[in-house]
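Several structures are given next for inspection.
Two complexes come next, and they have one chain in common, chain A, joined by chain B in the first and chain C in the second.
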Partner chain A sequence: MRSRHSLVLAAGLAVLVLSFLASLAFGAVALPIKEVARALAGGDVSGQVHEIAVGLRLPRTASAAAVGAALAVAGVLLQGALANPLASPDVIGVTGGAGFGATLILLAFPDQAPLVPLGALIFGLVAAGIVLTLGSAGPRGGSIERVVLAGIAIAALFGAATTSLMVAYPDRVSSAIGFLAGGLVSDGWSSLETSGPYLAAGFVGAVLLARPLDRLSLGDDLAASLGTSPRRTRLLAGIAAAALAAAAASIAGLLGFLGLIVPHLVRLAAGTATHRFLIPACAIVGAAVLLLGDTLARTVVAPIELPVGPLMVVLGVPWFLWLLRKTA
Partner chain B sequence: MTAAHLLKAEGVRVEIAGLEIVEHADLELTAGRILAIVGPNGAGKSTLARALVGLQGAAGGSIAWAGKPLGKWRRRELARTRAFVPQRAPVSAGLTTRDAVAMGRAPHLGALQRPTAKDAAIVERAIARSGVEHLAERSLATLSGGELQRVRLAVALAQETPAIVLDEPTASLDLGAAAEMGRLLHDLAAEGLAVLVVVHDLALAAAIADEVVIVDRGRTVAHGEPADVLTSERLLETWGAAATLDIRRGATVFEVDWLASGARPEGAASTEGGLA
Partner chain C sequence: MPTTLPSTCSSPRAARRGRGVIRSLLFAPAGLIRSLLFASAGLALTAPVASSAVPKRIIALTPYSANTMTLLGVKPIAVGQVSSGEGSVYSAALNTVPRLPLSHPSGPNLEQLTTLKADFVFSSQAWARGKKGMERIGLRVAEREPRTVSEVPRQTKRIASILGRSAQGAKLAKAQEAQIKAATKGIKKHPKVLVVLGVGNSPYAFLENSWGGDVVKRAGGTLITAGLKASGGFARISDEAVVARNPDVIIAVPHGAPGDIKKIAAQMRDRPGWRTTNAARTRRIYVSTSNTLLQPISGAGTTIAGVRKILGN
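And then the complex of A and B:
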């Protein structure tokens, strides 16, 4: 059992390292992987290799890894906290809020486009804040149904607001499509810098929540018997997931599918649901999957870039269904 | 220490959604003894037990563990003093029995502290004690109701608390498994643990408990040794059943007139429960 866990972790790490290097090496100009590795290590390479790999591609590669890890960890936090395998950042309203925030700036204030990541981050957090507040208030507060129902309502509200914006500014809709489809852009370190603190807080929170979430999977009564507050654990997991998912959306738009599917992949592959294992494993696999997806999106029909969100869904669904059938 | 009450509850009142489920409950739990809470369906037994361990807020009265009011305990500290074994709990497919029992050590470990060899030994002992060694590597999703009940008890034993509170631990067990559970609780009490058990089965309660508290319509109406409390008059008054309990320590004969009072004396049936 334990060796199967180690195997999944080792395989995930190997794929992550390879996809990281591949992401730096492949693109409109292909670079030798050895050279890229040497450039990363600070070795002596030609100025052009260094410029492309480290100056141009590294911010995007690092962003892809961070976003992939953040979405997968947000998914596993929510699936554990809500005891629901269908949970993803969508259910606490983050995706709907971030989509609205970005669309608002792109359509209503197009000259403020650099504020898109900030708008997505703020509205993602606001939406999740409303959902978690509504979900935890009142005598039945903190129950799973309350949070999920509040999430559905708030997601619908922000979805309707986004659609209304599109109806109001039909001629500018095309500028928002990239964000809504989800995808990484090569814009240097700025969006990663804005979102960095939220990502860091979310990852630290996830590590601290691993054991309380494990206890929660024994049921609220046993968790409480063991000294864990189910309500507080759920709320904190929701906050950590919101920070991760909103930060991810501010960098790469709406890539919600990753947060749903990676935790399932890891659980199916490793045969365990303990969060002590799932959280680090999902971070690794999530980063690797998005790096691979982004590299593919940039290279299959280069120099045209495919939107990575839909591409990953199209490639990921058949694979996921196959795995589901094989293990069922 | 044995004379001191580990748990003392006075005038406990519990409301759920504006409805008074427990009106007035008094009880005391002492180390080395088994206290059984019995009563008809819907009397408020489980709600009372949940309030006693701090899983359900009380609207009135006082509950104190080791002399300290429930509200003053920190969660982890309380989890080192009492363990609760719920009647039901959701089952997580991705956890093995050992994963689950290992979580019983949580109140003794810091947030990021790794379990030591001593913790691992305690977990193995709890697994052995509950008789689930052969299920240690099995996924919880593959276990029967009775097996899960024993796993939940093992989690509580791994907590190493001086008191353990169980809600209907024999509800989904067959006769043999129920007797085994009764024997285990009896042994745990003999080792000095304070055991509070909410139980439906009066024959079992009478056989293993040192004291019985009867809860009827949210009130504790009788308290004492099984033979003094579970009288025919009481059984008729509280359960509306014509029955006699012949109580000897460890073995009980429960004679129930299943078909109304005296109409058909030949319809009487008897069941035996307790420790073999």
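And then the complex of A and C:
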């Protein structure tokens, strides 16, 4: 089993490195790879090459890796904490909240467009905060069902609010489509700077929660007897997942699908549900998958960019179903 | 004219005739069936308006059809509401005409339409999904909105023909052709142009097959999206391509308020990638808060002339 883990990790790392390099090397404009490398190394290149390689591709590649890893880890945390294989950032309302925050700024306050990442982050966290508060309230510190039901209600509420905004500003809807469809943008480092602290806190939290989540998977009573508080673990996992998912949404819009599917892919490939393995492995695979998806989205019909969200669903679902059937 | 149905089919010929009537009924418009049924019940009804009759109560959902009607001497009973830049899209003669709210993608509310007792609607491709609904409530609907500059005089003639004013239409179309010719005459510069729709980090670029793209081309601009095709005429294009194709002029149609223009222009100027373009360096980023690049208003001559000014032609 350990060798299978190592194999999956090694393969994931190899794909991550290759996809990272591919993301830097390929884009809408064909640049010689040597030129790109020289630009990234700070060498002497034309202003145009420098702007494309350093100003656009490098931050986008870093953002794609961070977002992919964040969504996948958020998915693992939620699936573990809620003991629900269908859990993803959508379940705790982050996606709905972030979508509303971004749409509000883009449609109602178009002159404040640079605040979109911040708006998505704040509303994503607010939505998750409401869900987790409602879910952990009540007798015996709430329940998983309460979290899920609160999540569905809050997601519906923010979804309706987003739709209402689109109805109120029908002529401005085009500005929000890119965000709602999900996809990376070339806005330099600004989104990553805004969301960086939340991503860092979420990743650290995820690593610290690996062992408690493993204990939780044995059942609440056994986890408690081993010194892990199920309620506290669920709440902390929810908070870490919310930070990761909201930060990811603020950078790349709504890509919740990744958070659902990558943990399953890794579980199916590695044959394990141990969080101490799943969390780093999902971070690696999530980053690799989004890097590949974004590189494809940028290059398939270049210079037109496809939204990476739908593209990944179209490509990812058949692959996932094949894997599911193979391992059944 | 009251019509009666044969009550029995006493011979094969009559039976064939009867089957023919049934077939006609199956495929007849609802209005005709209603007339036939009422008539067979002994009620005399006036015949429904023939589809070729000149409409009297007309709603124009687009600024182009409303303005063209006005120029032809016919006032619509209502026009489509335009959310932004309205001041510049309807002629002054239409100031008192009721506005009809439109919602994507179906267009006007059918209940509101019913209360207006209209008999004809000039619509556009944008509201194509609402066409069947409008027809179902007995309205005749025609999509008459030019999608290219060269279509403007042609659609003007077709609107005039529907209004029964073909002679005036031909005259107006000729004047529009002359305006377009004058507006496109003597173009010397062909700067590279990027026209974008929306705000935020993923604006859509106008392609050649959009109205705005065609206007820019006519005004002498060379679209940096030339050669790209997408349904609807818009696509999200890569910032790398913007850097590489280096537009001399960027025109943004953000759907913002006029007060936002400076802020939006500054955001576009500072955008990674775009900041290195000629347009940003020479501060030739223009923000348009009117709808003139999104849809035709009436004759295209004025819009082309406005864009020429921006392009330095």
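Methods note: the second predicted complex is superposed on the first by the 303 of 328 C-alpha atoms of A that agree within 3 Å, B and C clash if a C-alpha of one lies under 4 Å from a C-alpha of the other, contacts with A are read in each partner's own complex, and residues count from 1 in each chain.
The criterion applied here is as follows: contacts are C-beta pairs under 8 Å (C-beta built on N, C-alpha and C of every residue); 3 or more make two chains touch, one makes a residue touch a chain.
None of the values given here were measured: they were computed from a predicted structure.
K.L.:
Check the contacts made with chain A and report whether chain B or chain C touches more of its residues.
P.N.:
After superposition, C is the partner touching more of chain A.
K.L.:
Pick one for A:273: touches chain B only (first), chain C only (second), both, or neither.
P.N.:
Only chain B; A:273 stays clear of chain C.
K.L.:
Taking the superposition as given, does A:221 touch the first partner, chain B, the second, chain C, both, or neither?
P.N.:
First partner only, chain B.
K.L.:
Which of the two partners, first being chain B and second being chain C, lies in contact with A:32: first, second, both, or neither?
P.N.:
In the superposition, A:32 contacts neither chain B nor chain C.
K.L.:
For A:138, using the defined touch cut-off, is the partner it touches chain B, chain C, both, or neither? Pick first, second, both or neither.
P.N.:
A:138 sits against neither chain B nor chain C.
K.L.:
Figure out whether A:43 sits in contact with chain B (first) or chain C (second), or with both, or with neither.
P.N.:
Neither partner.
K.L.:
Check whether A:197 is in contact with chain B, with chain C, with both or with neither, and answer first, second, both or neither.
P.N.:
The answer is neither, since A:197 touches no partner chain.
K.L.:
May I ask you to decide whether A:229 touches chain B, chain C, both, or neither, giving the answer as first, second, both or neither?
P.N.:
In the superposed model, A:229 contacts chain B only, not chain C.
K.L.:
What residues on chain A does chain C touch that chain B touches too?
P.N.:
Comparing the two interfaces on chain A, one with chain B and one with chain C, no residues are shared.
K.L.:
Using the touch definition up top, name the residues of chain A that touch chain C in the complex.
P.N.:
Those residues of chain A that touch chain C are 27-29, 47-48, 51-52, 55-57, 59, 106, 110-111, 113-114, 116, 167, 169-179, 183, 185-188, 298, 302-305, 307.
K.L.:
Can you check the complex and tell me which residues of chain A touch chain B?
P.N.:
Against chain B, the touching part of chain A is residues 1, 83, 139, 207-208, 211, 214-215, 217-219, 221-222, 224-229, 267, 271-274.
K.L.:
Under the definition above, what is the set of chain C residues touching chain A in their complex?
P.N.:
Contact set of chain C toward chain A: 83-84, 102-104, 197-204, 228, 230, 234-241, 243-244, 246, 254-257, 259-260, 263-264, 267, 271-273, 276.
K.L.:
Can you name the residues of chain B that touch chain A in the complex?
P.N.:
It is residues 17, 50, 53-55, 75-80, 82-86, 88-90, 92-96, 99-100, 103-104, 106-107, 111-112, 137, 152, 155-156, 159 of chain B that touch chain A.
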